[in-house]
Each structure stands twice: as structure tokens, then as C-alpha cells.
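The following block contains the structure, expressed as C-alpha cells.
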Amino acid sequence: MNAHDTLLYLDGVSVSFDGFRAINNLSLVLQAGEMRAIIGPNGAGKTTMMDIITGKTRPDAGDVYFNGEVDLTKHDEAEIALLGIGRKFQKPTVFESHTVEDNLVLALSGPRSAFSTLFHRQSRDEIDRIHEILYTIRLYDKRVWLAANLSHGQKQWLEIGMLLAQDPKLLLVDEPVAGMTDAETAETAKLLRDIAKTRSVLVVEHDMHFVRELGVKVTCLHEGSVLAEGSLDFVSNDQRVIEVYLGR
Amino acid sequence: MMTQWFFLHVDRRGSIVIALLVAIAVLVPLSNLLLPVTSPLHVPTYLVSLIGKYLTYAMLAVALDLVWGFCGILSLGHGAFFALGGYAMGMYLMRQIGPRGVYADPVLPDFMVFLNWKELPWFWYGFDSFWFAALMVVLVPGVLAFGFGWLAFRSRVTGVYLSIITQALTYALLLAFFRNDMGFGGNNGLTDFKDILGFNIQAGSTRSVLFAATALFLALAVFVTSFIVRSKLGKVLVGVRDAESRMRFLGYRVDRYKLLVWTISAMMAGIAGALYVPQVGIINPSEFEPANSIEAVIWVAVGGRGTIIGPIIGAVLVNFGKTYFTAAFPEIWLFALGALFIVVTLFLPKGILGLYGMWKGKRADRAARKKDVAPPPVAAVSGRSPIPEPQAAE
Amino acid sequence: ADDTIKVGILHSLSGTMAISETTLKDTMLFLIDEQNKKGGVLGKKLEAVVVDPASDWPLFAEKARQLIEQDKVAAVFGCWTSSSRKSVLPVFEELNSLLFYPVQYEGEESSRNVFYTGAAPNQQAIPAVDYLAKEEGVERWVLAGTDYVYPQTTNKILKAYLNAKGVKDEDIMINYTPFGHSDWQTIVSDIKKFGSAGKKTAVVSTINGDANVPFYKELANQGIKAEDIPVVAFSVGEEELAGLDTKPLVGHLAAWNYFQSVDADVNADFIKEWHAYIKNDKRVTNDPMEATYIGFNMWVKAVEAAGTTDSGAVIDSIVGVSVPNLSGGSSTMMPNHHITKPVLIGEVQDDGQFDIVYQTPGLVVGDEWSDYLPGSKDLISDWRKPMACGNFNIASGKCGGVTN
Amino acid sequence: MQFIRLLSALVLMLGIFHHTVEAHAQTVDEATLRPLVQALAGDNFDDTTKAISDLVRTGDTRVSALLNALGAGDLYVSKADKSVFLGKREGTDYVATDPVTGAKLAPVPRSAAEKIKVNNRLRREIAAAIGGLTLMSENAGERRSAAEAILKTRDPESIPLLDQAIAAEKDPGIKALMSQAKAAAILNSDVPDAEKIAAITEVSAGNGRDALGLLTPLEGAEGPVGEAARSAISSINSELAVWNAVQNIVYGLSLGSVLLLAAIGLAITFGVMGVINMAHGEMVMIGAYTTFVVQQVIRATAPGIFDYSLLIALPAAFLVSGGVGVLIERSVIRFLYGRPLETLLATWGISLVLQQAIRSWFGASNVQVGNPSWMAGSFELGLLTLTWSRLWIIVFALSVFAILQLVLKKTMLGLRMRAVTQNRRMASSMGIRTPWVDALTFGLGSGIAGIAGVALSQIDNVSPNLGQGYIIDSFMVVVFGGVGNLWGTLVGAMSLGIANKFLEPFAGAVLGKILVLVLIILFIQKRPRGLFALKGRAIEA
Amino acid sequence: MLTVENASLHYGAAQALRGVSLEVKPKSITCVLGRNGVGKTSMLRAIVGQHPLSSGSISFDGSPLGKKPPYDRARAGIAFVPQGREIFPLLTVRENLATGFAAAKRGDRNVPPEVFELFPVLKTMLGRRGGDLSGGQQQQLAIGRALVTRPKLLVLDEPTEGIQPSIIKDIGRAIQFLRDQAGLAIMLVEQYLDFCRELADHVYIMDRGEIVHSGDAASLDRPDVRKFLTV
């Protein structure tokens, strides 16, 4: 496989913490415009993989390329974000002393240099965009609330909203539907499918209903490397996947 | 047009403060110079210098609040920038003495003569020019802050680690400036100033002008702070304060943001120091004392962190308290000051200014409960502090 | 009210200098009390105005201004460190008021408005070095001090003096330590090494206040005895020794113009009354207290001579005023606003007192401009009219720093 | 010089009549002795010096006791009749004894007598004189000091006497010392070169530093003596260089222990609890003042147990400082959890109040805390002088560290402390009585600060400012080591101590300190979370 | 076992609970459902004592809890698995479990073997710091930690969040086991409907701070009930 025609290319990536191998010779390729679901047991290394892609964790070995040529291991978090990789964290992290709306303002794509933000004035377009997102994430009437006062699920939504506002080329979504009702889960799946029409998405989830609704190729990780890859049906019939992940 | 632009960037409170400061800048000197001593409205020269000093402290507090209150960088060494600005001004004033020093040396300041210096060290060159000195007032603290910040923010030194190395910085400077060999007059510092821009520094009119300049610079500092805080940059800063790494994942170069406000803040502190020196008449290394920087932090906390007026109120109030207590109960005044600090923390968690918010919040609260509807929990109304503390220790 | 004369007391009661200065505040209150018992001054009672400048030099300036402008005191007694004096000096000159400064200092200053009743370097350091050279046969010198102006200047003067007496540079070791230095292991061991070169060695200490206790403790513990390497200090008096077990320090020296152990009736009376006033007969007396005593009495006498507390008049009348000092003689205010004093050298005793082992035969006049510094050897000060100059250059025949 | 000649004459005489001296305690009659004793009260030190030598020349057995009394300052002269007597202070009087006959005299009021002054020079001469008299004493201690005295005077004339003493000496230690003294005396004489060279060998076998002092004057000498001296000096110097490095490490550890002690309480209140405790220094100060009070009580009631005062002060200081800590926690800090930066403001206020309280109570000046005998003095370790107080402080600091580490890591209380500080609300839901744990933790940190105060009172001044002197260093150590890690505090303190001691010799104390601060600043750039940084997801998040 | 009567709760001026009443019976599993932000977590916080009620009352084992602090409630037998795990990040897994000893009786100060049977991964990670675990591992630790206190009432806030399917099944089995064998009362807040339906003896549904439905597990299939859970 060639690193150059792919959006995201991981090859032979390993990382260990104090001797514990969290990611072990992991290889994974995501084409431009593709959405991929990642499943795998707790501790399989899914979040760690996202940490590596976003520059939070440096791999001990292996290549990580974005957009064919950019070596992500050579860039820091901010640079990677500016390349167009956005992330929703497993544990929702929002700016607690900002209002819901300001959280989105901060996430909104646009110039990021200190001077440009100093003299920045919000345009009509931006305001419209924010309102649109507020509706999407159903927090419009809470837009002047401090994010600190949101419930757990509301924070999840806000994070998704921030991801939307960021408008990245590649979205890394870590457990987006944890803590959502079934109905909301379905909504989210629809939202992601919409997004995936124009961008690439990597979703981590344990909710098989949700994964099924996404209807995309699934990769199952285990102990830091790929255990199985293919359609959901294919993967979920794999004996090893049942053994370590789905259970009987 | 101009006013529109102004109000866009400064909120109502900020505008009131700026207006008030401008008024003080005009009225206090006028009252001092024009009104007869017997008039009840006459402000004695003693008070002009005293308030002038308070205002320079207030400016230091505003500078500190910009980084601490809005960006979560707790500097325990801001006194260093203040002192460096002060030294730059002091060096100019020293050079103005010329041959009027006790040894009548046309070039060397007195302390260099009696410590047997033969020629003016290179770093004193240029300080005979006011404009050069004025440049240095912002440049020296600015460059130091930039260098220090560049190192520290790039290596992601945060929290108490940053606080303590700022303290180390000011402490190291304290020790260095104490040394006579440094060429800044050792612990006696720079003193015995004669005039500034050709005006006698002890003249009432000069004092009044210095006072006015201080008030105006403070107004400018308030404006700059408001401008920063109300811009999108301000939001980024608060975001950095809350969740620095999250900000990075959004693509913000956190270190550059920090570096920018840190440097601006240091320059502001430098200007404050430069205004302080001619009004107080001396600059010596004790300004680098870590305790001084901690006190500045305390002014901000007492007044209300993360607000623009709070630091001014805090600085003036604490220093007025000090002035008053040290004369009224010289033997036990520390009890009074200590108790003030304890009481403010316990009962006014958001500082003096928080009182206002608390009062407003309580009213809204009561009203809300009566009507049993939930008002929008915006910052001022919610019981939570709008500013969660940056984690001090893990 | 107008029926009292206010006197300002400007000593730190908190912060690092409170250790030394609090006693001087008490001394002033005691002296004022005594004076009032005698009927006050010019028929008016004296009223003390005490403020606390809190060891904070800019605060000294603020408090000085407050005392003079707001409280309208007739004179101020205060300051300890030179920095605090430097900080208030412009205030006193601007408002034309009087400051009595009671502590030994580095010299190189003479102000119309300040009266220096503590020792100038020639009233302390030089006689002490002479004593060591003559009596102890010292040939090798350690000049150890805290790194600030007073020790630096004093050591510059001493070095020049020693060099002039033929001591070579390799026989002089100069060592500076930061304020409040507390780990003296290396330095004491260095002194020991320096002293083991076969020549009689002594330490001249200008170590400041706080750092002395750990210094002497280390000295005692490392077994440096006065017989081997004596230490002569200029900043260690009875008050500082009060915090120390002096048994291992017996024989180390200090040079002052007064010791509590001075054998004079006037001193015995002073101590007795002081103890009665302070209600504690363990409280010691020391040199700056004596300087305060002298300064206060000079002011009283000058005011009475002038018939007014007006600064100008007092400045004119005070030069030449002579009052008893506590060592049995009397001290006189000289035209340079420094006073005449005997120089005493005492050895530490096991009870924390000093045993006087040497006294200059006559009084020594405080020399504001040192003869051993090239920049100041041509300067003299004389505040009497018509000269009225603090820095008259005898080489050029001009009054240096005065512009108008 | 004149004195030395006199002394040598005397020594010679003593040497010759040594046997007689031993056999018949020589006495001269009172009439001869009395005026000589009177002469001790001369007008100046030169007169007294002469009187001493005259006395010694009599060879009277009472002289040595008399000179001892003079050296100790027990000889007085009455103001009225100028008679010299031996006095002991008692109340307002001196209990007086006749110095010649030993008869009891009527007590003399203190104001009626004057002490006979001695200065350092006299003390030295008395020691030397007594040394000559006691080289053959029965008392080993006296013989030792006699030898030491000669080692200092290096008087060539004492060589014969030393020879005799060496021959008679049984104690190998004293014998060696006497040989040293003899060698030193030889170097100071004009004996033939061969003997001198032997003496150089002898001298350089002893303590290097002292030897250097003896040899340096010969450095410039011509011929073989000079050569021998130079080579001895250079070998001593290279030995000394090694010892210098050792000294830097040992002194560094000692300084490190002081830093560790000062910081270790803070490692709890700040490192574990996250309270920016600006009153930490005052807890140390309270511990030091507790030591003072304990010693005052002991001095007043049971001076015999003074040596145990520190053992009593330790628990007392722990309780007092710990109690104050608990009080502060319950009355102020507990309202501030979750607002760590505000604890800075409150504890700063508390520190001001505590300083002033101590100042108002005990006065602004230093108070005197004494060293028990086992804390005083020093011992030699090769060419290194280490004082007992420093050694004990190293031992003490390490013990405190070990105990604390045990408490935190191995006890239930330690676990609960850590749980509570990491997540107070959840800890409470796990059944942990958080208010108790908070109070105990703060109390423990404060109590430890208190016992640090006991130790620091032994080497530093005890004044209301004591705490201020340590607070910055303490924070520096804790942060440099890595907040929340006790090992970090230990290693941090020791590294800073040693770095300081290696920098001090060539940079000087002031620049050394500045350099250490700069090093800390630079080091933190490399390790933004201190030496022993906590790592992992929870931290970086 | 646990009775909540007419409970209201405020955050500052915002009201999160409006007169909620519910009951948890001994030896039963009670499930609370509801959309995001309706007040489920707030109610649990009130029960375990982490947030005071502004009115109403809660009693446990027949006695009112009043203003009892959380640790007393924990000692009385209420164990809590909070939303967001709230692991002690710098304590090791072993130490995290040991914090539960505080509420356990002296003889019970050990980790019950069921914990490791249920969550074998914890056994392999005893020495690792809680904060380093993966999200799901932390969730498992949080449940295990609660069991260490040997509670009478186990309060779980979305315990399946972030947990892999096989372990969700195990947790389900464990919850049943705890009810049936250990006789625990269990109160479960969930979004995962199927999970609830399988386990619950009784369900409540909340909306906007109020209980809007109370019934058995089967009632969850009724459309009028379902509507409370849709968007």
C-alpha cells in the first residue's frame, strides 16, 4: 500500500507506557472520504491510537502520515489540528467558564494567530453557522449557559458541536453516543453519515446498534493491533472478536 | 466613529473606570495646584504622591490580572518587570543629575565614584536620553518576559511550576541587583534624583504632572486590557486558562498566545515601575523581593481576579490599608492586614468586586425561586465561580 | 495640639529589620518619657508619633512624608539600614525637616537635614583593624561581609588602608554572602584554610544582622577559637548576642562606640532606668541605643538653644552642641553633622556581654568622606554658614553637588 | 619574643629539674608570690604578660591553677585596696578566696571589684605557659592540651622537654601529638637540614591542613629543606583537592538536609494537599519557639536534663505546630478546597498574623536556643571538619523523610490522605471522613514543619522572621523535585544542596545562589513537572 | 429501603429536581431513565449526599438521611458509581479499591473475589495508576471499588457507558447476582434501554426534573412511555 493516496496512513506503529505495550505494530489506512468504525475491547488501544494521530502521544516506532505526505509524528497538537484533524474526546472536555456559544466560537474554523484573534470581528456567516450548529446539537436555548452547568450528555453534544464548527477534513470521534438515549444515538448516526459524505471519519464506539446504523467498514483492535477488519457482520462473526469483545 | 470603536471594545464598567481615571488625572492636580491650602477640596501634595503611588501599584495589578485572571498564569515574579521598568527610569534620572552629584563627577553617578568605578559601564549608555530610557522601560521588561516566556511556554511549563520559576527569576534578580558589582547601586539603589525632562522632580507642579500621567497610563492599561479581554483573543485566553490542551486540539498555538499577553503584561508592569520611581524618589533591589510580587497577587485577589476593576480596587485598598494601619496601629497592624486577607478569602471568594455580583446573584436567585422558573445561569447569577481554579497541584 | 511638640519615630516594627529596630523605637519612647518627666522641651511636653515602615524602603519615604507633612513632627528619629536612609533623604531635604540616624554606616554622605550619630567607618573599622594588627599581631585578613553597600564600602576602605600599611593582596581574602545567609560550612572552612598558612589571621566581619547567629554557631561548632582566628565584627552587639550561647565564642571581638559593660555611672543609671521603663531587667542595651540617646539629647539641647523647633534654627544651633555620652565622656555635633565618639573594642564574654579590651585615648571625629577612597578624599563637609556645604572639594575649592 | 625567651629559660630549667619537680612539689613563700600575683592586675596587657612569666618562673605548683583562673576570668581586683582575689559570682557579691593561701575572704560586692582583663593574646600565653607546666602532668587531658599549646607556639626551646615527655608518654595519641609538636618546633629552629627534613616527613604525616601551615613558611627556603617542603606541600595540596570535593558533597548533603527539613512539611500541605501554604514557614518558626520555651522551662526547673531538651522539644513542637495547623485547617482552609489559589491569600494573611503574634509575645529580637552538648562541636573525618549538629541534622532529616514516606505509602491514613486530595467528593462517597483526613493531613504537614523548626533552631536564629527565610527555598525544593512526590523532595533538596556547594567555592556564595536559581529555571524547561515528574494520562489531560 | 419524597434540588438559581418521589425496594433493581439533562444524576447526587436538597426528604433503611455527609451514607451502606468514573487518578488500581475499606466493616477490609471474577482485567493491572487506565477499564474499576464497601444499596450512574459489549453482559449478570445472592438493592440510571428492560424490577422515567412515569420493565415498550425517551 502506498502512503500517498490515502488520507490517513498508519504503519507499524507501536507505543508503550512503562513497559506496557498499548499499541503494538498497528497498521491502518483510511481513504479520503471514508468513514470507519473502530471497535475493540476496553484497553485495546483505540483512544491511544487517536492520541497518536492528534499528536498527544508520540509513537515509539512506526509511520503516521496524513494526506499522503504529512508526517504527523513531526507535528504538535495545534499544527495537526490546523492540518484539518478534529477530535472529540472520550471524556467530554469543554471550556467550562465559557458559554455554550463561546465554546463554539472558539472551535469555529478560521484564522488562529494571536493577532488575528485580537482584531477579529464576528461575521454574519459565522453567527449563522454557530446558530445552525446550536440547533443541530439541541443546545440553542442553553447557548448563554456556562458549559460547566451542562449535564454529562449535554457536554457530549457540545463537543460534537465543536467538532462540527471546526470543520475538519478528518474527524476522530471517540465514543460519541455514550450517555445518549437510543433516539439520540440514531440521530448521531445520521449526523455522522451526513458528514461522511464530504469528510473522512474515524468513529470509536462500543454500541453495536450504532455501529450497525453507520453501515461502514469496521476495524476491531485488540491489544494494540488489528484483530479483524471488514463489514460489521463479518467482524462480528469472527470467533476471536466474539471471544475478546462481544461475548456470548 | 471613534467612540463607537471604543465602546465596542470596552464594556460599561470599563468605560466608567476609564472616565473616572481621566477625571482624576485632571482634577487632582488642579485641586492641588489651584485651590488654596485651606479649601476643603484641596488635595495636599502628600496625598498626590501617595495616590500616585497607589495608582502605579494598581497598574501593576492590572498587568498581573491580565495574565493571571484571564489566562491563568500565576506570576509570582511580576515585581521583577515593575522593578526593571523602574530601574530604566531611575537610570535616566540618575544621568540627569550630571555634575550635581556629591562628587560632582560629570559622568559617573555617585555610587560609582565612591566604589571606584573608572568609567560608565556600557549598559548605562543612552540613558541620558529620555526617549531612550522610555524605550528601555518597555523594552527591558518586554525582552526579558519574551525570552523567559518563550522558553517556558514552549516547554509547556504551567501551574505552580511556572509560578515558582517566576519567583526564582525575581529572586535571582534581587540577589544580582544587591551586588554592587552589578553597577546599579547595590542595595541602596538609585536615588537623590534632581529633575525629569528638565523639571525639578520635587516641585509640586512636576508631581502633579506625574500624577496625571500615571492616571492616564492606568486608564490606557485598563483600555488595553478591556480590548484584549473582550476580543476573541480574550476568549482564547480564558479557554487556555480552563483547558489548555483542549485549546491546542482546536488548533490554537497556546504558547504564542501566552507569550503575547505575558509580554504585554510585563511591559505594562514596566511602565508602572517607571511611573513609580520619580514619585517615590528611589528604586532599589527590594522591589525585586518575592514578597512584593506575592503582595501584588494579593491585591488582585482582594479586588477580584478576572475582572478589570478588581485589581485597581484591590491595589488601592490594600495599600491604603497599609498606609493607614502602619500609622494608626504601628505595633499590631499586621494583625489587621492579615485578618483582612483572611476575611476577604473566606467571605468574599470573588474579591471585593464579587460582592456586587453576589448581591445581584442573590436577588436574582430569590426572585427565581419565588417564581419557580429557572433564569439562565449566566456567569454572574450562577452560584459557581465563573473562574474555576487552574489546578495548583495534581 | 499646640501644647505638645511632636517627635516622629521611624523604625521598622515588622519585617526583617524589626529584630534590630524595635528596640530603638522603645528607646525613643523611653527617652521622651524621661524628658517629659523633666518638664519636656521649651515648656511643652513631647509627643511621640510612632509609625511602622515595615522594613520596606519605599514605605520609609511614604511614612517620612506623612510624619512631616501630616503629623508636623519637629524631628524624626529613625532608620537603620542605609537603604532606608537613602530612601527618606530626599523627603527630609525637600520638606526641610530633621532626621537623626543612629546606626553605624558606610559614610560617603552628608546632608544638611540628617544627623549621623552612629559611627562612620573611621570610628569603628579602622581602629579595630589597628587593634588587631598591634595587639594580636594579625598579618592575614579575611574581610567577610553581607553583599551590600555598607560592607562593600567598609571593605573597600579597609583594603585600601591595609594595602597602605603594607599588607599584600594575597593576605587579604574578601568574601560576600547574601542577606540572611545561613549555611556557613564552606565559608568557615575556607576561613580555617586561609588561616592555616602560618600567619596570624583574623576575620573582619561586616556580616549583617540575621546571618550572624548561624555564622557564629558554625564558627563555634567548627572549633575556631578566638585565640586562633579572632573575629572582629562591626554589626554584632549585645542584642545580636542575646540569641546565642556565647561560651564557645569568648574572645571574639566587636568594635563599637558603646558597650553595655562600659563602666561609667551615667551608663549604670541609664541601664537602671531603661530596665525600669521596659519592665524587664534582662533587656540589654547597645550601641545604636546610645547613638539614639546622644542624638535625642543633642536635639533637645539645640532646640532649647534655638528657642524653637524650627528646622533651620535647630540646624544652625546644633553644630557644636555637646552632650554626655554613655561612656563617661561627652560627644559633640561636628559641622559635618557627624559626632565625636570614643572607639571601644570588646571581647565577647560568656554572659553575652563584652569586655572592653581597648579604648581610643581620645574621641574620634566621624569622617563622612573617607580618606581612603580616591573619589572622596578631597571632600569635606561643613554645614555652618557661610560654607554650608556637604561636599566641599578642597582641591577645586568648590562646593560640589549644590546647584542653587 | 621576650616572653618566648623567658619561657624557654623556664622550660629548660623545668627540664633539668624535672625529677625534682615531680618529687617535691615546689613552693615559694607567700611573700615572694603575693607581689607577683598583685602584678597580674597591671595597667595594661604588657604588664600582665610580664607578671605571668614572673609567676611561671617561680615554678610554684599553685601557679598553674592561678593562671587557669586568670584565663577563665575568675581573678578580680578590689577597687578599694587593689588586692587581687579569686572570685565566684553569687547574687550581687563575689565569694572571694585568697589566690595565694586559698583562705576564704569576706564576700566582695560586685560593684566594689573589677575583673582582671584578659584578651586573646593573654589567653594564648596563659595556655602556652600552662602547657609548659603541664606537659608531664598526671592528667592525660592536660598533657594533650600542653602538647597542643606547644604545637601552636612552635617554640624550639621546648624540644628537650618534649623529648622527655615523649619518652615517658604511654598514650599513643598524645605521643603522636607530642612528636608533631616536636617536629613543628624543629622546623621553627635552626637545627641542621637533615633533622629538618625528617621533621618535614613527620609533620606531613599528620593533619594535612595543619602541616600546610607549618610548611608554608619553608616553601621559599633554599636547598634540600626547601625542596622537601615544596614536595610535601604539593602532595598535601593534591590530597586536599580530593578532600575538597568530598567536602563539597558532604556539606552539600548537609545543606540539602536543611532544605529537606524545611520543605518536607510543605511537601504534604502543598505537595499532597495542594494548599499553597504561605504560612508554612511560620509553622517552622513555631516549632523553633516551642524549642525555646521547652528549654526555658528546663533551664528554670531541671537544668540537669538540658541535654535532653531537644528530645522533649520534638514531640512538643510536633504537637504545637500540628495543633496550630489543625486549627488553621478547621477555621480557614477547609472553606477553600477547590480554590487552591485562594489559599495563597488566606495563608499569607495567616502568616502575617502568626509572625506578629510571636513578635508581640516573645519580642522582636532573637531568642536563645542552646545546643545540647551532643549537638556542639565537631569531629574530623580525614581532612574534613563536620560539626555534630550538621551530622545529626542529616540523620534527623533522613529519618523524618523515611517515617513520612512510611506513613503516606503504608498506612490507611496515607492512602486516605491521597484519595481525599485527588477527589474529595468521591473520597467522601467511599466512606472516608474527609474533614478528619483534611485536618489530620494539614496537621501532619504542620507538625513536621514544627519538628523541622526544632532542628533549624540549632543552626539558625530563632526570631519572628525565621519562617520567611525558608519559605522560598521550601517551595523551590518541592517544585524542583516535582509536586506530589516525596522522593522528588528528597532528591531535589539534596541536588540543590550539592549544586550550591560546588558552585560556592568558585562563584562565591551570592553568585552561587543566583546560579542555582538560574539552573532551576533552566531545568524546569527540560522537565516542566520537576525532577520526579508524575507522568501519565491523568496528568497530561 | 430507600425512599425519596418530594425532593427538589437547585444549582444556584437553576432547579434540577422538582418534587421527585421514588422508592427503591430491598433485593430489587430500580431503573431510572430519561433524556440528557433531565436530572437523573442530580437525583443520585442528592441520594449519596453530594448535593443538598432544597426541599423534600430522603430516608434509607427507615431513617431519614437529613444532612448526613456522604461518608456517613457510605458507611451506612450506600455505594456510588458515579457518572464519569471519578477514579482517583494517581492511586494504583489496588489503592483505588482499598479506599473502599473506609466504609467496610473491619473484618471486611479486603477485595471481594467477585470483583476480579467480574473484571479480570483489574487483577492484571493492580499496580497501574487508575488515571492511566482506558475509559472502560476505569468504569470497571469504579464498579469494583463500590463493591468493596459491601453496600446494602448500590447506586449506579450509567455504568455501561464506554464498556465493551461482553462486559456489559457480565455487569448485567453481576447486578442480578448481587440482587439475588447478596440481597442488594440496586438503583440504576441508564440510557441503554435494552439493558434496563432486561434487568429492572421497576422503572422510573424522568423529564425536566420530574418523575413522569413509574412502572415495571415491560411498560417501557408502551409508546406513551417511549415518547419520554425520544428527541
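Each chain carries a letter (A, B, C, D and E) given by its place in the written order, and its residues are counted from 1.
The working rule: contacts are C-beta pairs under 8 Å (C-beta built on N, C-alpha and C of every residue); 3 or more make two chains touch, one makes a residue touch a chain.
Everything quoted here is computed from the prediction, not taken from an experiment.
Novice: Suppose chain centres are the mean of their C-alpha atoms. Which chain sits farthest from subunit A?
Specialist: C
Novice: Could you find the chain whose CA centre sits the greatest distance from that of subunit B?
Specialist: Farthest by centroid: E.
Novice: Please find which chain has its CA centre nearest to the centre of all protein CA atoms in view.
Specialist: When every chain is reduced to its C-alpha mean, the one closest to the whole-protein mean is B.
Novice: Quick one: subunit C and subunit D, Cα centre-to-centre, how many Å?
Specialist: From the centre of subunit C to the centre of subunit D is 29 Å.
Novice: When the C-alpha atoms of subunit B and subunit D are each averaged to a single point, how far apart are the two points in Å?
Specialist: So the centre of subunit B lies 45 Å away from the centre of subunit D.
Novice: Measure off the straight-line distance from the CA centroid of subunit A to the CA centroid of subunit C, and report it in whole Å.
Specialist: Here the centre of subunit C sits 74 Å away from the centre of subunit A.
Novice: So which bits of subunit A are touching at least two other chains?
Specialist: 17, 56, 91, 93, 149
Novice: Residue numbers in subunit B touching 2 or more other chains?
Specialist: 175, 178-179, 245, 331, 334, 377, 382, 384, 394
Novice: Got the subunit C residues that touch at least 2 other chains?
Specialist: 13-14, 147, 176, 178
Novice: Please name which positions on subunit D make contact with subunit B in the complex.
Specialist: Subunit D reaches subunit B through residues 270-271, 273-274, 276, 278, 332, 335-336, 338-346, 348-353, 355-357, 360, 468, 472, 475-476, 479-480, 483-484, 510-511, 513-514, 517-518, 520-522, 524-526, 528-530, 534, 538-541.
Novice: Sort out for me which residues of subunit B touch subunit C in the complex.
Specialist: 44-46, 49-50, 53, 100-105, 110-111, 113-116, 175, 178-180, 185-189, 191-194, 202, 280-282, 284, 286-287, 322-323, 326-327, 330-331, 333-334
Novice: Mind pulling up the subunit B residues that touch subunit A in the complex?
Specialist: By the definition above, subunit B touches subunit A via 227-228, 231-233, 235-236, 238-239, 241-243, 245-254, 256-257, 260, 376-379, 382, 384, 386-388.
Novice: Once bound in the complex, which stretches of subunit A touch subunit E?
Specialist: 17, 20, 40-44, 46-48, 90-91, 138, 149-154, 156-157, 175, 178-184, 187, 206, 208, 244-248
Novice: Which of the residues in subunit E come into contact with subunit D in the complex?
Specialist: Checking each residue of subunit E against subunit D gives 48-50, 69-71, 73-75, 80, 82, 86, 88-91, 95, 98-104, 129-132, 145, 149.
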